[in-house]
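What follows is a set of structures for review.
First chain A sits with chain B, and in the next complex the same chain sits with chain C.
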Partner chain A sequence: MKKSEQGKTLIAAKAAGLVAWAAVMVFAGVAFRQHRAWKEPVVLGPGVTAVRSLHEWFAPLKGTENDCNVYVLDSGLPGSTILVLGGTHPEEPATNLAAELLVENAKPTSGKLLVAIHTNRSASTVTRPGEAYPQFYSIKTAWGQKKYRMGDRSANPLDSWPDPETYVHYPSGQMLAYMDIRNINRTWPGRPNGLLCERTSYGFMQMIRKEKVDLVIDYHEAELEYPVIGTIVAHQKAQEVAAMVSMDLSASQFRIGMEVSPRTLHGLTHREIGDFSDATALLFESPEPFLDRVRGATNEALLLTGVDEFVQRAGKAGLLYWPIDEKGWPIEVRVGRHIATTSKVFEVWNLLYPEKPIAVDGLPGYGDLAAKGVGAYFADPASVAKDRVAFE
Partner chain B sequence: MLNHALLVLGVMVVVFAVASRLKVSVELSMLLAAIAGGLAHGSGFSARHVVDGAFTYFDVTLIFLSATFFMNIVKESGGVDYIVGGIVKRFHANRFLCLLFLTFILLIPGALTGSGSVTVLVVGALAAKVLSEMGIPKEKVTAIIFLCAAMSAAAPPVNLWAMMAAAGSNMPYVGFIGPLGALSVLGALFSMFWLGWKGSPIDAAKVAASIKVDARMRGWRVGLPFAVLIALIALSRIFPHDFPILGLPLCFMLAAATAAAVSATKVPLLRIARDTVDSLLPLVGMMIVVGILVQAMSLSGVRGLISLSVVTLPLAVIIGALFVILPLSEGLVQYASAPLLGVPLILLFNMKGIDPVVALSAMAVMWPLGDILPPTLVVGRAAVMVTGYDGSYYKGFVKATLVPALFILALSTLVVIFSGQLTFLKALG
Partner chain C sequence: MRSIRILDRAARAGNPPAIAVALAFIAAFALCAAAGAQQNALPKGLPELKGPILITACGQSPGGVYVKVVCRQVKLEADLEETATVQTLGARAYKTLIVITGTSLKGMGSAGVELSDEIKRCTELVKKAKASGVKVIVAQVEGASRRVDESDEQSIRSMTPLADLLITHNQANKDGYFTKTAAEKKIPQIFIDQQLDLVKIFPQIFSK
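Take a look at the complex of A and B:
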């Protein structure tokens, strides 16, 4: 082949490569846009008395991706105020599903519930590069499939970027990995002029103080290779509650541990909320094999069933901190653990603090949830008045 | 699931091997392997996964580009000539000090950028010139350049292997400066003195004549850009809640702007930027493709298969084989070896009571030594190129690196084993 012909071939190859890459970018861009713009309908249950926005407690959050909905479920009777946080890490879907289940079903008869389904909403608009998460997952209901955004652990770089060279936590000064400044469970208690997650945490802290929240419950899931799993992590002020819940549930329904929040580990809900407000805090961890690094194919089925041959093999080799068998850890069991633990916390709370009760009707039991599935507790948005539907 | 993952892995390996055989570049071979693996996996692989994967190491790539741009401006403005010329002028009578300072000069570019190639490209040729004038045989000079470049890539603050493995295991990139610094500096010094101690006295006049130092160049012109860089990073740590968050790429760009502004000669910024991108294209391409490959492997379960295969080996076998596995995997798939092997190993070490930060640091010093190995030979090839070594690659150059490389690998293995006793090294941050 002559030199000029070779040159032409090279140019043609480069042009073809460029066109192919442009096509890939366009298709991918459309997929990213659809994911970021997807709205999850939430039917306001009988207990919901108002839907507020986080910016009502901290105005600068208005218009940001993290100006999330805060569902108010007020019994109108005196009692404790409890804040439940779902979606702190949107790659842990049992957390937002459990929070949504509360919004659609819980009916307080004393005290007040505040619920955030997507605490770090920005993180629910992106999946983690390199992990191959599906962008969406669907929950089967009696009226059809309900579609949700799968998210990441950290806020979307489109909303918070660049990261610092090293993230220095406020106010402790503890140094953390640079990307943790987008992980809202490393930015508590937050600061008003910080980056997005620091401001979001600050907004929640303002809410906790102004609404005189007594207890914050933060839902999480963890990989089975991670030592903090199947447990309640408690600020020392909530140590007694956590211990009693752990003992009671472990004896009656399912094994759940309890550990006290380390005093030197900063930025987490169970440490900072207790230290910087009158409220106390609990964090629940349920097992999510989808997050394990030794997992097999990454797909929606694994996300929802928690069945994975490779994770099981790792378990047989003694490499996991939590058991797994061929039944896996289905989403209904994981959500069921959170809801049952929440119910038990309310029960124990009333024993310890009878002067500030919290009573909530309408929550399914662990067995019912595991048997019927999560979707059984979600109403059809098309079947209710428009003003009884909110969007996440 | 096992059979499926094996099948996809098989497709990836075959496509990579065939593409390499057809003389397709390593980066494109890897891209083809990733796409073929994704397609073999079947449902679920889409354009979104390709782009998602391509962004896995986006921040690191920006650091790469901006840091190298900065170092290239320093070089173009005569800063590197000034420093090396100064060392020769001042310390030519003292071989120990001369070698000592040359070691640190060789460590800086890679430490700032995380890339051994950048060290070779920015200061390699000049250091090689001085080392040759010190009577050191060419194969040893080339070996010194490679080994110091490898140790510079391992040196803190930027160690890409540790950063990638730490990110993959949800571990903060904190506490690495001490262990990475100790190992990389020891490794570089041992390499320099083992290979460079014997030779002839340096002919300062001859070297000085061959290094063209601009008469208008002054210490402050070289020092100020580095001072700006250090100040920006230091200020963001000292006043983290008052100082604006710039990000490392912008810090490097501001330092680069300073270097251009104080340069005694006019610096052709556009040409340097173009040359920087040109020279880094294979490296940046590698980072992008590694991300796509990891995405395809995660999607199909191949990553899980590899991780599981590694972590279910007996611990003693794993630790004993690290010095072979890590460099070989680096030679094969470059930085992809950090997320593929590093992450499961770190989780396993953590479970077995081995300090993950110290152990990962030691592993992250072993990885870059694989850059001399086939099929990629990235830094090895670059070292041969800049020194003009024309002897046998393996019998001359690689052979010359053996003793220092084995020293570094043995030292690093010991650090993994005794990581529990070395946790004090993490105190530096």
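Take a look at the complex of A and C:
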């Protein structure tokens, strides 16, 4: 072959490679864009009196990906103000689903609820393709499938970049792994001039102070290989509430433990909100086998059913901190645990602080939720007036 | 009773929903405790127990918080001190020491202590208590979830044989360790199925 022909062949091969690369990039780019741009409709329930944005408490967040919706459910009567955080870690879907269930169903009759469905919204716009995470998951309802973005633990690097070599938590000075600066449950109480999650935590702290929030509830899920699971983690100011809730629920509905927030572990809701405001804080953990490292196929079915033979085998080998059987840990049970624990916290709160009550109607019981499924409590966005639908 | 005090507070706050919730909760609390306590037979040879009570955990587990809440519920004077020492024991006329077994690595990290420190602290505390006529209850109240690793095991095995009375969650005794130790050391033992059982048990074993 002549030199000129060889050159042409090489150019053709390179061009073909470039076209193939571009095709893959376009395909992936479209998929990433669809995921990032997907809007989850939320029907405003009978208790919702306003939908506000986080920037209303900290203006610099306006226009950022983390300028999330804050749903206000105000009874109009005196009482406690309680903030519920869903989606702190968007790879834990029972958290945003439980928060959404509150928005669509709760109706306070005394006191006020504030609810964030996607506390770290940026983290809900990115997932982990390298770990085979699905991009979306759907919840079955009577009117069809409701589709959600599957997220990650940390904010999207598109919104918060670059990470520092070492993340030094403010104000404690505790050194943490670099990517934890994008994990909003390591950036409390935040700072106004920090990176995105630090500014988001700061915005929430401003809201907590200005709205005189009494209690913050932060929903989470955990792998069964992790010892802090099936439990309530309580700031010292809330440990009596947590102990009473744990004892009552464990005796009457399901086993749930209690841990006291370590004083020297910084950046977490249950530590810093209690230390840096008048509010106190509780964090709930439900079991999510999808997060276990020993899991098998990583797909939507595992995310929603929590059934995995490999995790079960790990359990039989005594390698887990939480039980699992062939029934797994379905999403309705995990959401049900969060909602039932929230309801019980309200009861106990009223016992201990009757001068500042919180009373909420409309929440399903644990048994009902587990039997009917989460979708039974989500209304059809097409069936209500447009001004009663918000988007996440 | 604390429940009555809570109800009083609800009434004083003039809040009917709070009163209703208080009544419902107290009833549920009592029913659960009563149902559970039917299983909790009291052994012979119980030590004479009185308050005030000092509660501490060998391993910084949160089990002491449960016991403290129960003590309030049944109106027993009790102090929970995470790092109680012999000086703490001498600071008040305590009549009973409750040592909670099982560990929390986060709790120990937070307190800046190692398990060996905790075992040393609690062993000295128990020794001092016995020398002072203070009765010692060693309690494992969190069940299987607080018997999962070597740290839990060391906490349990160092404290359990030193007790005047053992209170043990049934789920922690699957290998029979507590039963065997109680028999060998002739320590009376009460089993519980849930922490709420203590609401019924404490008034029976503590004299006012």
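Going forward, the second predicted complex is superposed on the first by the 376 of 392 C-alpha atoms of A that agree within 3 Å, B and C clash if a C-alpha of one lies under 4 Å from a C-alpha of the other, contacts with A are read in each partner's own complex, and residues count from 1 in each chain.
To be clear about the criterion, a residue touches a chain if its C-beta (ideal position, glycine included) is under 8 Å from a C-beta of that chain, and two chains touch if they have at least 3 such contacts.
Just so we're clear, the structure is a prediction, and the values are computed from it rather than from any experiment.
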| item | value |
| --- | --- |
| Touching partner for A:351 - first (chain B), second (chain C), both, neither | second |
| Partner chain in contact with A:164 - chain B first, chain C second, else both or neither | first |
| Partner chain in contact with A:240 - chain B first, chain C second, else both or neither | second |
| Touched partner set for A:109, first chain B, second chain C, both or neither | second |
| Partner chain in contact with A:359 - chain B first, chain C second, else both or neither | second |
| Per-residue touch tally on chain A - higher for chain B or for chain C | B |
| Partner chain in contact with A:310 - chain B first, chain C second, else both or neither | first |
| Chain B versus chain C as contact partner of A:262, first or second or both or neither | second |
| Chain B versus chain C as contact partner of A:251, first or second or both or neither | second |
| Overlap of chain C and chain B interfaces on chain A (superposed complexes) | 227, 321 |
| Chain A residues touching chain B - in the complex, by the definition given at the top | 23-25, 27-29, 31-32, 127, 129-132, 134-135, 153, 161-166, 168, 170, 173, 175-181, 191, 194-195, 225-227, 292-299, 308-310, 313-314, 317, 319, 321 |
| Chain C-facing residues of chain A, complex | 109-110, 227-228, 230, 239-240, 242-244, 246-248, 250-252, 257-260, 262-265, 321, 347-348, 350-352, 354-355, 357, 359 |
| Residues of chain B touching chain A in the complex | 1-2, 4-5, 41, 44, 46-56, 58-59, 166-174, 233, 236-237, 240-241, 245-251, 291, 294-296, 298-301, 303-305, 307-308, 311-312, 339, 343-344, 347-348, 351, 429 |
| Chain C residues touching chain A - in the complex, by the definition given at the top | 6, 9-10, 12-13, 15, 17-19, 21-22, 24-25, 28-29, 32-33, 36, 62, 65-66, 68-70, 104-107, 109-112, 142, 145, 148, 194-196 |
